[in-house]
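Below, chain A partners chain B and then partners chain C, in two separate complexes.
For the complex of A and B:
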């Protein structure tokens, strides 16, 4: 190919795309050129000089412009007088790189000695010790002993908490700037930076609270020394003592791949506990990043409030029982009431669990409801965004539309990838009622008043009269990705937005291209899997539940989320709940089955792009608990006398794959396949020396779509462009709309003590004028009365919020599942 | 024949001679044998002269141990509650003497000379559990006038966890 370049590194030839840096070209050959400040996911800066190599280029005769030849006919090479940094020098044709000469080795030795002039002798107590690039490279290229007396060294502060999550040891910092660059260039939270100069140069945080970023944990991974460590893992174990298990983050629809490191611990009564979560490289999903919710929010399994025995209701009280008794009772009651059966499950469950619940529901001719306020899961198998590369390679030519979503809080890693895509040349159109953090990267921003989401999305259709600038952008698109979330909308609103987004895609004529499609920003990890196994959300959940004879609830706490659901559940005749904790819903149940958390068992999730991925058991199961799929299967066996065919998640998955056309040919083995990924990051790596990133446990399988297969399919009609919400002009009340907040107090998140310090307080976000009308100012405590109950929230103001609206966070104690009118008072 | 008699006489002579030499047997446990200077008996966790624990909970001994006999768990300490210099101390330290082969590699690995194989060879156990020596069993007693650990110290006075050490002699 024209833009490929062949060069020689240490005597070996390699051909790489033009523009590749020498370090990366060397990696392709398996040659490590040591680096500190360079990171393949960030722009090179050439600050540390660790990567110096000798570079020779073919000599060109200035007069004739012809290459000069040696006597033997090979091109004559010209080496510069000085060495060059391999991390900033792009390759050129015929280049010869020498990375192992005495001169290069001497340079590395010098750089290391320089870096170690003021480095403490901390390796024995340093959390990075054992997986530290500085340690490794010093072993490889450094001097055996130091010429510096300890007392002569520059001593800096050793214990600097940068906020609650990250600790800084200023003595260990080698000033590579990776953390600063990550926060600025990738996370767009430039809250840490260099302070002072020369030997006094230190990292400091400029935000309040310190290191205020939801991506802060990533800096501890990429820091090439032990300067940045997490409060979570601090002195928790030495890296070589840890065992690891591949898992998935279950907090949002991105489905980040991660590895949990575990250790048996005396502090935890001799149990195997998770010591830390590390990202697992999957370029199609999370690349090598995790948000802080995923990194620190795994403590739910250790919580001491877990249920360990089945509970059954006897004389009005929930009492502990045995599995046999509880299963028998469940079967007996279901046989009695089976004629109006409703199952309610959420995307917190795995595909296997959901499939079993769906089977039971079908056996009982019941209704399988998804506990979610979002629609559109039926569209994704048709026109979903199904690029096997995920969002990580999106760039020039692609237009990304983000509609009704506060992506930063709803799916942090996608937010980061959308932002990176814009940097690579993709165009972004943000359609939202209020400003979000994506606005500043957008080529066009479309505002609407809540209730008019569908209209706003449809206005982008290039043919529409209103489309304007954004219509032109879309008309010129080679690929179109439409993400829609749940910012300020309930289920009905979501249905409209989904249909409008589908219409926009259809009108663009780009469907069928792998890089185009619909990408719903689900609230839970496996909502898509729930749609695929046959669950759908219902409009009036309270009504459906209250009319049911038998209800099975798994992975959801409707009673805790909303008093209306609690009231409805009280009307239901018979309730079975599968839960880890004694939630409000479980307290209303007739039978509660204690189930295992995802960390104690295996299973699979289908993420937002419909990539099916597998997770493995990480810790030992809590005695007395069973996985959801097994509980349901055992109930089913007793109700319909089915054979209990399924005893393992793998078996359930096999049956599931046989019955769901899209999942055909999938097995756990195929989900566990891996291919080499680029950039090459792994265990024995110069970019990172630790256990992090390496992925040997599977990349998952991306499901195809009908559009990409060129199958026949039909989309719903374009939604009406009418306002979905009542006119507010003369109302005394405000329209309250639910919005997402990443660090909420959901059943799972609230168990993390560490994140607890960062969880948001309930807030009420309004236009300053609206606040003023109500006699409120930013920071005041407002009383919000909703269906007769009063809730407190701290007032925040934002000019971009439509007037007469108030934005309230989900899962922070205020029950709000769709836009409703509320009274707001001082 | 003559050869047989000779051999028998030689054996008896040996018996006769030994009967007059000083016996090597000692009256253990009343009398205890002096062990060599480099004897490798039961471990002890040492303290500095100021009474602080030398062990910083780095687990390098456990990493070096070929028998996987050592289990260390570290925690963070503050100047209010100081066990050892630096930020980290061993909150759990256990040696399983059913596993230990007294090779001394742990001693070599220790960056602070905290773990030392001493001259106690009197190890016998009735249960498996009693073969596991915990930190309080291994740690040397604190000598007067030093305060026991953890103790409160002047802030900032013990920042350096790994001390300067001379190359070992002997």
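For the complex of A and C:
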């Protein structure tokens, strides 16, 4: 093929696409050309010279333009007088690369000697020791001893907290610039940089707070030395003492693959504890990245406030009980009240848990409610974005629409991937009521006033008179991906946006192509799984709950989130709660079953793109607790005499797969299959891509869609373009709308001490004019009265926010699940 | 408020006019130059101000300040005598010149005279290797070159500069 090139590296032939760099071509042959500054996910810069190799190219006779031949008929090669950097040199036809000659080895030796002029080589006390590119390459190619005077070494600070999460050891930095380039080119947070030059050069931050980026942890993976370490792992353990367990991040709909490293240690009473969370490569999901919430937000399981015994209500008080007593009581009450049964579960639970709860709900002819303010999970099986490659390969020809979403905070890794897709040539259209961090990468930005989201999305339909520039972009699309989130909307708004997005996709005539489809930015890791197992959100949750005779709540704390739900729950006759902590909801329960966190058990999640992925047990289970699916199954066994008392997650999944057509043929074994991924990372040559783990525990399975299978399906009618919210012009009050904040105080993050330091404070974001009208300015404390209760929030202003609105963060103490009118005063 | 933006409102307008509207960050060096000229150094607040004005992060502005040797991040004497003692100049006695000048002023290289007027620093090649001993003076009026120097001549210059201050 014309765009494939064949060359020889160290005597072996390889054929790669034109444009491939020598270093990457060598990887395909299993030849490791050492690098420091090069990283396969970033543009090459050729700064460190570690990758020097000898390069020969076929000689061409200038007069005849014919290749010159040796006497034996082979092409005569011309080697340059100098070696070339394998990380910046693209391959060419007939090229011969020598990567292991004495000359090359001498060059590596020299480069290492330079790098080590001031590097302390304090590997025995360095967190990177054992998985350090510099250590490995020094062992491989370095000098045994240094020719430099110790006194002449540059001694830099060894303990520089760049922020709350990342520490820098300046002496160990080899100035490769990977961290700086990651923050600028991939994270779009250029908050760390070089300072000074030459031997004095150091990494520094001037942001406030320091190293202010939600992607900061990734720099510690790709730093090729022990200069950048996390506050989490610093001096925590040696890498070789650690065991690995494959898991998933459960904080958002991306479903990042990660590996927990654990160790049994004396200071934790001989228990297995997690020492760190590391990305596990899945090019279709998170590539090799994690956001800081995913990396540092796992400490919830260690919290000492966990429930360890079932609780039952006796004489009005919750008292400790036994599993048998609590299960019997649950069954007895459910048999009595079963005629109006409601289960309420969230996407924090695994597919297995949700399936069991759904079964129980069906047995009791009840209603299975999803605790979520987002709609559209019924559309994804039909027209979901189901590209097996995921967003990481999207580029030219694809148009991405991001509607009603502050993607940076709602799904950080997708945000990063959308941004990268634009760099590769994809076109982005942002449809949002206010500016977000995607706007500057967008080809078109459509603004609307809250309440008119559906209208704004429909205005993109190419035929629509209003579509204009963005309509043209969409008309020219080869693929169309529509992401929608929950920026400033509740369930009703979400239903409108989902339907409008579906209509936009339908009108594009691109449905059925694997690279096109709908991608809801769910708030929880397994919301999609909850839809797939039969849960749906309800409009008036308070009403539904208060009218129920029996309620089962799992993976949700409605009473803690909203006083209206607490009031409603007080009216319910009988409440069972499955929880890890004694939440406000648990405090209202008649029975509380102590359950395990995802870290103590196995299960599966279905992420936003409907990729079903598995997680394994990481730590030992807390004595006295059981996994959610087992608790529900045991209750069910007593209520309807089903014969499944001792079941495993795998067994539940088998039953689930047999009953849900889309999950047909899936087993835990198929979820654990892997295929080779590119770039090849995470092997012993940690210098190539950093300390992200190779994925040997499964890439998960991407579910198909009706559109891609060319099945028959029907979509909801296009929504009306009516304003969904009341006219504000003459109101005293402001319209408060809920928005996402990544580092919120949800049940899980607030238990993570480390992230606690980075947690946002409640804010009220307004147009400066609106703030002024209320006598407020940025930084002031505003009082917000909502349903008779007053909350405090710090005023922030932004010109792009529609006037007469106030944006309030979800899960930061102010109960807001949909747009409502509030009073805002000084 | 952004004091830098207020103080240099006119200059900023002129600077921005020189670059395309979406390339405001091109103005970062000339802006820093103004601050360096007027204050003798660029403090953290000024870095934040400039970042805000040109629309990049303070970290990126700080990187520029750090990279270029003629921007300073700490206050020093009003006039910086930057004496080249790189190899060619050293061969023409620059080291001795530096030592003697410092001795006469009663300071060490890198230090400032007690009246806060003169700082003496050793620097790398200034591209006048054949005219050593040589130095440049960085001060509020900009940068001046002084070639083929003697210690006496340099001392005279320090006095003149100090005298000018007294008169002003």
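Please note the rule applied: the second predicted complex is superposed on the first by the 816 of 826 C-alpha atoms of A that agree within 3 Å, B and C clash if a C-alpha of one lies under 4 Å from a C-alpha of the other, contacts with A are read in each partner's own complex, and residues count from 1 in each chain.
Operating definition for what follows: a residue touches a chain if its C-beta (ideal position, glycine included) is under 8 Å from a C-beta of that chain, and two chains touch if they have at least 3 such contacts.
These numbers were taken from a predicted model, which means no experiment stands behind them.
In the superposition on chain A, A:197 makes contact with chain C only, while chain B stays out of contact range.
By the touch criterion defined above, A:125 lies against chain B but remains apart from chain C after alignment on the C-alpha atoms of chain A.
Once the two complexes are laid over each other on the shared chain, residue contacts for A:205 go to chain C alone; chain B is not touched.
Measured by the number of chain A residues touched, the leading partner among chain B and chain C is B.
In the superposed model, A:88 lies in contact with neither chain B nor chain C. Partner chain A is touched in their complex by these residues of chain C: 44, 47-48, 51, 56-63, 66-67.
Here chain A touches chain B in the complex through residues 120-122, 124-125, 129, 150, 155, 158-159, 234-238, 240-241, 265-267, going by the rule given at the top.
By the touch criterion stated above, chain A contacts chain C in their complex at residues 189-197, 204-208. The touching residues of chain B, when paired with chain A in their complex, are 56-60, 62-63, 71, 73-76, 86-88, 91-92, 94, 111-112, 159-162, 164.
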